[in-house]
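What follows is a set of structures for review.
What follows is chain A paired twice: with chain B in the first complex and chain C in the second.
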Partner chain A sequence: MAKWGMVIDLDKCTGCQACTTACAMENNRLPGENWQDVLFYTEGTYPSAQLKWFPRPCFHCEDPSCVHVCPTKATYKDPNGGFVLIDWNKCIGCKYCMIACPYGVRFYTDEKPVVGGPTGGPGPDIREVFPGDGKRSWNPPWRAPDARDDWVHGVGIQPKGVVSKCTFCYHKVSKAPPGTPDLDEDDPALKEYVPACVRTCPPKARYFGDLDNPESRVSKLIADKRGVRLKDETGNKPQVYYLSGGAGPAVPSTRETVKKT
Partner chain B sequence: MTTMTKSPVGLANTVLVASLAGLVIGLAIVLINLGAQGHAAFNTTSLGLMWGLPIVTYDYFVVTSTGLTLIACLSLTFGVRDFDPVARRCLWLALATLLGGVVSLMLELGHPLRSLYAIPLNLQTDSPLFWKMLFMTAYGVLLLVALARGGSRPGWGLAIALFAAALGVALLAGSVFGMMAMRPMRYGGEVPLAFLAEGLTGGLAFAVLGTYLAYGGQASMPEGVKRLMTGALPKVFALMIAITAAMVASRTVTGLWSNLDGLQVWEKIVASPLYHLHLWAGLVLPLVLMLLPSQRTDGTLQVTAALLVAVALFIGRYEFVIGGQLVPLFKGSWAPAFIDYAPSFTEWMLALTSLSLAALLYTAGDKILDLGALPQGED
Partner chain C sequence: MRLHPQAPVGFAAEACLPLRSRYARCDACQRACPVGVLAMDQEALRMGDGCLHCGRCAAACPTGALAVPGFVPQAVVADSPRPLPVECWKVPRRLCAREAVRVPCLGGLSVGRWLALRAAAGKRPIEAVDRGWCGRCSAGGATHPAASAVDQANRLLEEMGEPPQARIRFVHKPLPVKAMPEAIPEPAAEFSMGRRAFFRGLMGQAAEALCVMETSASAPAAGNREVHWGPLLSPERTRVVSALRRLADRSGQPLPASIFPALHISEACRNHQVCAATCPTGALLAYQENGATGVAFNASACIACGVCQRACPEQAIGFAPPGTVAASGKAVRLTRVEARECAECGHLFAERGDEPVCAPCRKSRELAQSAFQQLFAARA
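Up next, the complex of A and B:
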């Protein structure tokens, strides 16, 4: 089976956040629940301060600490494709996976709204505008077809009391023809299987393919351009690699790059 | 043989009524707010602070419970007869605090009922939480079995199993945090030992408070209890306070000295008045009180020291659980350097619920059961 992975070329990424928007639309995320985020940093001080950005999905790690700590096996490593997924039928909402993830990519949405509502600034809490029906924690009219809901793989709008995260668009990627080395949005036969963030990236900074296939473009890019992984020292071994050989944004080495406020 | 001596009926009744009122009011507010707002009633966020005051409360009471059982095990497992007069009292108090902690956890979880079957059935043996729940279940059952034997000394097998279960729960409670390499403030093999030491210290504090609540003062205590309270117990208490204070100081110095990313939270913690209340008023002052031979036997000072230590350990647990999350992990510049967190009203009410449940169970048990019974039979 494939071991799906992503390569993000930081020299090409413009920080436009089209990936964030596409992910939110594809997966019906709450405002602020950015499974795919672009993080902005400031480094240095005036007059040499620099604004930098860093696109960050879930890394679907090879040896994920979130999987090890989950007491119910709700979060698991899918052997068919290497996805790290959450079974919403098993999640007890203990949030230990959120504690253990070194990258902060998980969300527990039964909390005060990040955007809107009494604490999140102007606008309503969208969950109150489109309240859940008992099955979903909220219920927007523009959601994906019900038939595509897949709680075992964390696809769809989650019920209350569980943790959510990026699935690498499992509902699309898992349907790709077996043996496919790359999911390239330029290939008409494959574009429907490409993750939303990859497909929508305007500067084509993202590549998605089989990390176990030496002929895949992602494998070649990692080898040829010395792809690096975020916080590799934690041992989680992300399946998302960054290319940062040029003068553009680089992989932040520590959280010290976070702007002090 | 029993040593039942009832004196402070007025105080016990006051605690009973107050804890009943606290439980009803606290639980009602928590349930209403959780029903109306869900977990938005808590001030926890996906930004980085996922475990708030309910987890602090839960761990505080569970770890204290293990300490109380270990104190009882001095008598029941190791045959230290000096501790016979408080063994049964400590066991009951251990059960009360365990349930007080568990109620906080269950109301914090997204799916509390699911956890009851999903954890044992899925056998995720990699997870420290799996082992903690396994040991906690065994620990709770063993406590009940030991208490059901009335004044009889538990057999060797049960006594050893109870000791092992309490030890395991305390160490695993620490491992849940200590095994998290990605959170340097919490990471380290000494964390389970710190939890064990704090459990014993807290257990001793609760044992002192529970004993004085039962008897009022030393004048009303049976001879064995009085001998313990003026002899071995305050000395052991002083030793454990000293060890706990040393661990806090050691961790603080290491945290301030090291430049590992994430440890900068120690500067924030040390700048807080709570930290100094914890260390100086909550540990150093009681240590001085319990070290001085002329003062360590004074009942009023013992209760004062126990109260200070009980509060200090709660603050310490708060600093540890919350502090480990204050530096956000890769959230970008829209996240602050440190997360601001203050428990919500609902979270405080949940803490009140836990405290009230523990106090209610203890005082009710003290009225109904003969908690001063000396363990009968051979070791």
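Up next, the complex of A and C:
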């Protein structure tokens, strides 16, 4: 089976957060509680202050530390495709995986409102405005058309008391015809199987494909442009690679700053 | 759920410690089984052929995940000067006293059941009758199968200050080995007695049926992934505490400190509350009050399985000598951490130490910084 992987070209990423929005819509995320986040930082002081950003999905590691620590075996590595998923039926919300994950890509929303409410800023707690039925944590006003609740793979509206994370859009990718080297959003036959963040990326900074297939585009990109895995010293071996020509964040203004200094 | 189609052993997977948690290391039932038919693998507890239904696995199980019928004693007559004998099913009914408590095997009585018997029998001395067959019985062995449970029960009774005649005694009343049946009689054979015995047994049977139903009905069907991982109260633990409490009420003595495990949380605690989330019995509970959070501990529910100790990422939690910390039946607050505002995301978080930023923000920042370093180091 394929080992799905993602390549993010930081030279192309403009930090527009379209991936964040697409993911939130696709996966019915609570506002502000993003599986696919873009981290923003400012560095330095005026006049040489810099804005830096960094897109961060779940890295779907080959040897994930979150899986090793889960006490109830709720988090697991799917052998078909290499997804790291959470079985919401088994998760007890101990958050041990969140402590163990070196990339900080796991989420537990039950303690405090992310947007609104007493600690989350102005406005009401969004979960009280759209209360969830049954065990669901909330009931979003807009839901993905094919309403899917697949708790075994951690897909659907998140129930209360569990940890959630990016699934690499398991509900789409797992339906792709077997043997596909690349899931390219430009291919009309394949576009429905492409993860939401990849499909929506305006500057096409993201690529998604089979890392085990040497002929796939992702494999070639990693080889040609020296794809980098983050925090490799932890031994997690992420399946998300970053590319950069070393120029820094790819916005013209920042590049000029570099030239000036 | 039945473990084996031929053996009357009920099993509740959701109460079995190693199946609940990968941090639990429990093989009490396998070690207790005299014929070694139990085997545990990653997914299930399996039973081979040859179960004797002696109940020793159920007696050893700390969480009551296993149930074997025949061990709920029938109504015990408390006001009689004569000692109350406890006999095994192999002894023919005509050879033992009429009011004798009959169980499939004396080894199948757990400490809690012995103490419950003690509490129910009032002032009557209790005699575990040794017929001299245990050495020849496949459920027995070199030592009497009930020896360790009786020892433990007696130790607790001694600590309670119960008089020596209240302890459980072994009496040796040998019978010819020829009279010993090969196997422990089936429950059906034991219960299909004469009219009088039948009615006397009715009450016990009803309780028995409830006990077995409790464990078999709630077991998830094979392939059903809707497993409930909430805390569960160990029936054995409840039995021990409530029997001792009954005795304590009668004698006016305090409960022995050694029945309550004591836990201690050191300064290394970061208030992750993993211990409370992984505790199988709900003895450790996360609480929240007035903006502060922490972990509370109810010693009477603790079975000292050690899951919290192994699961704590900081190794901050551990057992203290019994009687030193929190040695009572009530819930005690072990930690209390005030919440404060994260300098980065502005959310309240409760964590020990004086970090201004909450753990998730710290991790994200650290990741981004390491990424910039790794990717753009040439430029910097």
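FYI, the second predicted complex is superposed on the first by the 240 of 261 C-alpha atoms of A that agree within 3 Å, B and C clash if a C-alpha of one lies under 4 Å from a C-alpha of the other, contacts with A are read in each partner's own complex, and residues count from 1 in each chain.
Here is the rule we go by: a residue touches a chain if its C-beta (ideal position, glycine included) is under 8 Å from a C-beta of that chain, and two chains touch if they have at least 3 such contacts.
Just so we're clear, the structure is a prediction, and the values are computed from it rather than from any experiment.
Asks: Assess the superposed three-chain arrangement around chain A: do chain B and chain C clash, or do they fit?
Replies: They clash: once the shared chain is superposed, the two partners overlap in space.
Asks: Examine A:70 and indicate which partner it touches, taking first as chain B and second as chain C; both and neither are also allowed.
Replies: Touch status of A:70: both partners.
Asks: Where does A:234 make contact in the superposed view: on chain B (first), on chain C (second), on both, or on neither?
Replies: Touch partner of A:234: chain B, not chain C.
Asks: If you stack the two complexes on chain A, which partner ends up touching A:244: first (chain B), second (chain C), both, or neither?
Replies: It touches chain C, and chain B stays clear.
Asks: Considering only touches as defined above, state whether A:160 meets chain B (first), chain C (second), both or neither.
Replies: Only chain B; A:160 stays clear of chain C.
Asks: Based on the superposed arrangement, let me know which partner A:92 touches: chain B (first), chain C (second), both, or neither?
Replies: Both partners, chain B and chain C.
Asks: Check the residue A:109 against both partner chains and state whether it touches chain B (first), chain C (second), both, or neither.
Replies: Touch partner of A:109: chain B, not chain C.
Asks: Between chain B and chain C, whom does A:35 touch in the aligned arrangement: first, second, both, or neither?
Replies: Neither: A:35 stays clear of chain B and chain C.
Asks: Going by the contact rule set out at the top, does A:208 touch chain B (first), chain C (second), both, or neither?
Replies: A:208: touches no partner chain.
Asks: Looking at chain A, which partner touches more of its residues: chain C or chain B?
Replies: B
Asks: Have a look at 77-85, 167-175 or 275-283 and say which bit of chain B overlaps chain C after the superposition.
Replies: For chain B, the listed stretch overlapping chain C after superposition is 167-175.
Asks: Taking the two structures together, which residues of chain A meet both chain B and chain C?
Replies: 37, 39, 41, 54, 56, 70-73, 90-96, 98-104, 112, 230-231, 258
Asks: Touching residues of chain C toward chain A in the complex: what are they?
Replies: 20-23, 225-227, 229, 272-274, 277-278, 307, 311, 313, 346-348, 359-360, 363-365, 367-368, 370-372, 374-376, 378-379
Asks: Where on chain A does chain C make contact in their complex?
Replies: Touching chain C: residues 10, 37, 39, 41, 52, 54, 56, 70-73, 87, 89-96, 98-104, 112, 119-121, 152, 228, 230-231, 242, 244, 246-248, 258 of chain A.
Asks: Taking the complex as given, what residues does chain A use to touch chain B?
Replies: 33, 37-42, 54, 56, 65, 67-74, 90-96, 98-104, 106-114, 160-163, 230-231, 234-235, 252, 254-256, 258-261
Asks: Where on chain B is chain A touching in the complex?
Replies: Counting only chain B, the residues touching chain A are 38-40, 42-48, 50-51, 109-112, 114-115, 118-119, 122-124, 126-130, 133, 176, 180-183, 261-262, 325, 327-337.
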